[in-house]
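My questions all concern the structure below.
Chains here go by letter, A, B and C, matching the order in which they are written, and residues are numbered from 1 within each.
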Amino acid sequence: MDLGHVHGELWTVKTLFTYPNEYIYWTIHIVIYPFITGLVAGAFVLSSLYHVFGKDELRPVAKFSLVFSLALLFIAPTPLLFHLLQPQRAINTMLTPHFYSAIAAFNLVYLGYMAIVISEIWFAYREYIVQQSQSRTGVFKLIYSALTLGSTDISEATLKTDHKIVKILAAIGIPAACMLHGYVGFIFGSVKTVPLWKTPLMPFIFLISAVISGVSICIVTYIIGMKLSKIIVDNETVQSMCKALKWFLVVAFVLEAIDLVFHAYLAEESWDILSDVLFERFGFRMFVVQWGFGMILPLILLTIPGIKTLRAFIAGALVLMGVFMMRWDVVIGGQSMSRSLAGFLDYHMPILPTSFEAFKEGLSAVIILLSAPFVLLYLLNLLFPVFQGQRLVKREPEKS
Amino acid sequence: MDLTRRKLLKMGMLSVCGTMIPLGALEIFKPEALASSLVHPYSQKKRWAFVVDTTKCVGCGMCVKTCKLENEIPFDAEVQRTWIERYVLTKKGDVLIDSPHGDRYGFTKNDPEGHDLKDEDTLKGFFVPKLCNHCEKPSCVQVCPVGATYKTDDGVVLVDRKWCIGCGYCITNCPYFARFFHPVFNTAEKCTFCYHRISKGLKSACVDACAFGVRKIGMLNDPDSEVFKIITTQRTAVLKPEFGNEPHVFYLGLDHIVR
Amino acid sequence: MNHAWRPLILIVGLAAVLLTVRMFLVPSDFMAKNGDYKYQWHRVGNEKFWRDEFTVKHKGREFCKQCHEDKIELVADSGHARVQCENCHVMFNPEKKGHPVDLKADFGYLLDIGIDRSRELCKRCHSKLPYRPKEFTSLTKGIKPFNMIDPQEHNPGEECVDCHDVHRTGFK
């Protein structure tokens, strides 16, 4: 065993004066974690827009975004397990939680939220589950029978109750989703040693960017899903989603801009080096990629009237990329300036899995983690068809 | 009827959450516990404290070397519980700061940050030994999600290697970067003031190793200790007081360029 | 029984199971000492590890004195009076280690003892840097000028110990 190897050395390049123990300790997984959690919150809020506020044009994606939210929710804590140096001890956070720590409440927030999402799915799909448990055979019959929880009553009255409960759960779910992600923002905002993170705006910035990324991934996945299953894309649905995305984009942009303006105007001790990080080292990434291509360009695309599928798809994909970049810029950018205020740390993500650590902290793990929700969505879709019960307008097969 | 169901759901969640919260967590609701003393409270407490006299330090790094061997931090690993920083102000007005390998091999050349300086190019320079400040209000302890790091009754901040999950939140929350991951145990690691030595009446390994009398350790309330004498009679400073951690490593001869 | 209660019963049941399991897994000595949940929430047994179980490795002059009393006396009277034997004789580089008696087996002494004659060792203190303190204030005999040399000009290539007796801090 190489005893000289230090966690952080592999991907950190130091320049000028940094403390000897200073490395980028929070790496790519802490970028992915808020990204996926944000998608969860955003997707759930989208489904709630239909259930609670009765936005009927969102009906085709209501169930889809709900189930997708669950798929993402299952994956959300895995980046954290990758990040921990002692993942087998993750259970300790539940055994002896220290609630003075911002991250100790994660389990409660996470499990509480999961209970809400799973319950809502159960009520939303109960009729389908009962029907399937009676009509299917083999393994699926077993699964569906277990999922009925022993209640096969699908009379008019019970279904009405189900609808009411779904509505209630969706309503409870909105503040819960906001908490889940606002809380992630708090984890960063409460770190007093990192000037870039230390702002009370952090929970709100994270929350709004969560919503835009969640709506975007629903737009993108919905369009892809429709194309794959050769169903005509409901333009009204897409337009409605785009409208929501547009307004949240404006709020997100304003919040991020206010944050930057305050840092610059207050010009505290750290601003010299912070501005160097933001404008020089992260300048292109932040202002061109994250703001330009991730917010302003999609905003223009969404503002021009007469949105069609392709434009919505491009805008959604750009926003997703922008939000991922934002997570990167916040997490890595915050650590890129030395706490000595006299040096820099550059992050170079390991690409090739040349060692276990390079695998665990590198590109391979990223690909696995980012594709896992889609695999899970595919599996969940087998049990809970997400596009069931909508206008199934099959395309005419083209004649050759 | 719906309302009662919703109520029950809420009550259920609340009771689940409630039972998980230890009673101590409710301390946050006690206002008197939150009202911190506004005047710095070093005084009557039986508490370990440290004094660093930077004016005497020559940067030989014997303390760093000794600390690494005493505390089983692999010698070649680029992390240390204590280290020495060199600050040099050049005639051009540049402030050069460095700490190659945490100074475990000593400073033997006038080459701050790799610049080959002539002796006459330097206006002033000095060495600043650093170590964990064993704060009275350690932010690293506050943020540990599992209670794997804690403050002892005599003020020393320790890490439980068997309970630490390796999240790195404490490392991120230390203003001084006194923490790191142990290369072998893969848990958070930090200076303990050599708790195994000071509890037995010995001095910390770095204090013993310093031939120049730079480092001193003692009880804050012990009138015979050098630490008490220095703190009560001389003008000491602490590093980064603005974070509100109330660090307990007191410095003599600190300069405004010290980070 | 109304079907709508079932998920809730399931959730509360699961939570109850979790809490029961938790009771068995939390170490019995895990507590908020002095009621200080903020800073003293820990496994109290761990204090014992750092206080008692962690071994003292640098044992100081008293340990060396068991065999090397002559050297200890010599040093105590010299300019190196404040320098611990272990500063120079504990080797971080195991290749340089070498001690006639197996200290680990016979004395339970865990560090590698050896003799390092390299200039690098002496340079750590005696290499001339413009910002090194010019006076040595730690001796009981009073303040003395601190001896520093420029290693580039001061007999480069020679070993310091060829001329200097480091235990006596004088010439051989």
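Here is the rule we go by: a contact is a pair of C-beta atoms (placed from the backbone, for glycine too) under 8 Å apart; a residue touches a chain by one contact, two chains touch by 3 or more.
Just so it is clear, the structure is predicted and the values come from calculations on it, not from any experiment.
Two chain pairs, A-C and A-B, are compared here, and A-B has more C-beta pairs in contact (counted per touch definition above). Nearest to the global CA centroid, when each chain is reduced to the mean of its CA atoms, is chain B.
Chain centres here are C-alpha means, and the one lying farthest from subunit C is A. Rounded to whole angstrom units, the spacing between the C-alpha centres of subunit B and subunit C is 16. The geometric centre of subunit A is 46 Å away from that of subunit C, both derived from CA atoms. Note: centroid distance subunit A to subunit B, computed from Cα atoms, is 36 Å. Among the residues of subunit C, those in touch with two or more other chains are 4, 8, 11, 22, 30, 37-38, 41.
Each of the following residues of subunit B touches two or more other chains: 5, 9, 16, 20, 22, 25, 142, 147-148, 163.
Residue positions 94-96, 98, 100, 115, 165 of subunit A are each in touch with at least two other chains.
For subunit B in complex with subunit C, the residues that touch the partner chain are 5, 8-9, 12, 16, 19-20, 22, 24-25, 27, 55-62, 65-66, 68-70, 75, 88, 104-110, 119-120, 122, 124-127, 137-138, 141-142, 147-153, 158, 160-163, 192, 195-197, 199-200, 202, 205, 208-209, 211-213.
Residues 2, 5-6, 9, 13, 16-17, 20-22, 25, 28, 74, 76-80, 83, 85, 95, 97-99, 101-102, 113, 130, 139, 142-148, 163-169, 171-181, 183-184, 186-187, 243, 259 of subunit B are the ones touching subunit A in the complex.
Within the complex formed with subunit B, the residues of subunit C that make contact are 4-5, 8, 11-12, 15, 19, 22, 30, 32-43, 46-47, 49-58, 60, 80, 82-84, 86-87, 90, 92, 111, 120, 123-125, 127-133, 136-138, 146, 151.
Subunit A contributes residues 91, 94-96, 98, 100, 115, 118-119, 122-123, 126, 149-151, 153, 158, 161-162, 165 to its touches with subunit C in the complex.
By the touch criterion given at the top, residues 1, 3-9, 16-17, 19-23, 25-26, 80, 83-87, 89-90, 92-104, 106, 108, 112, 115, 164-165, 168, 172, 191-194, 335, 339-342 of subunit A touch subunit B in their complex.
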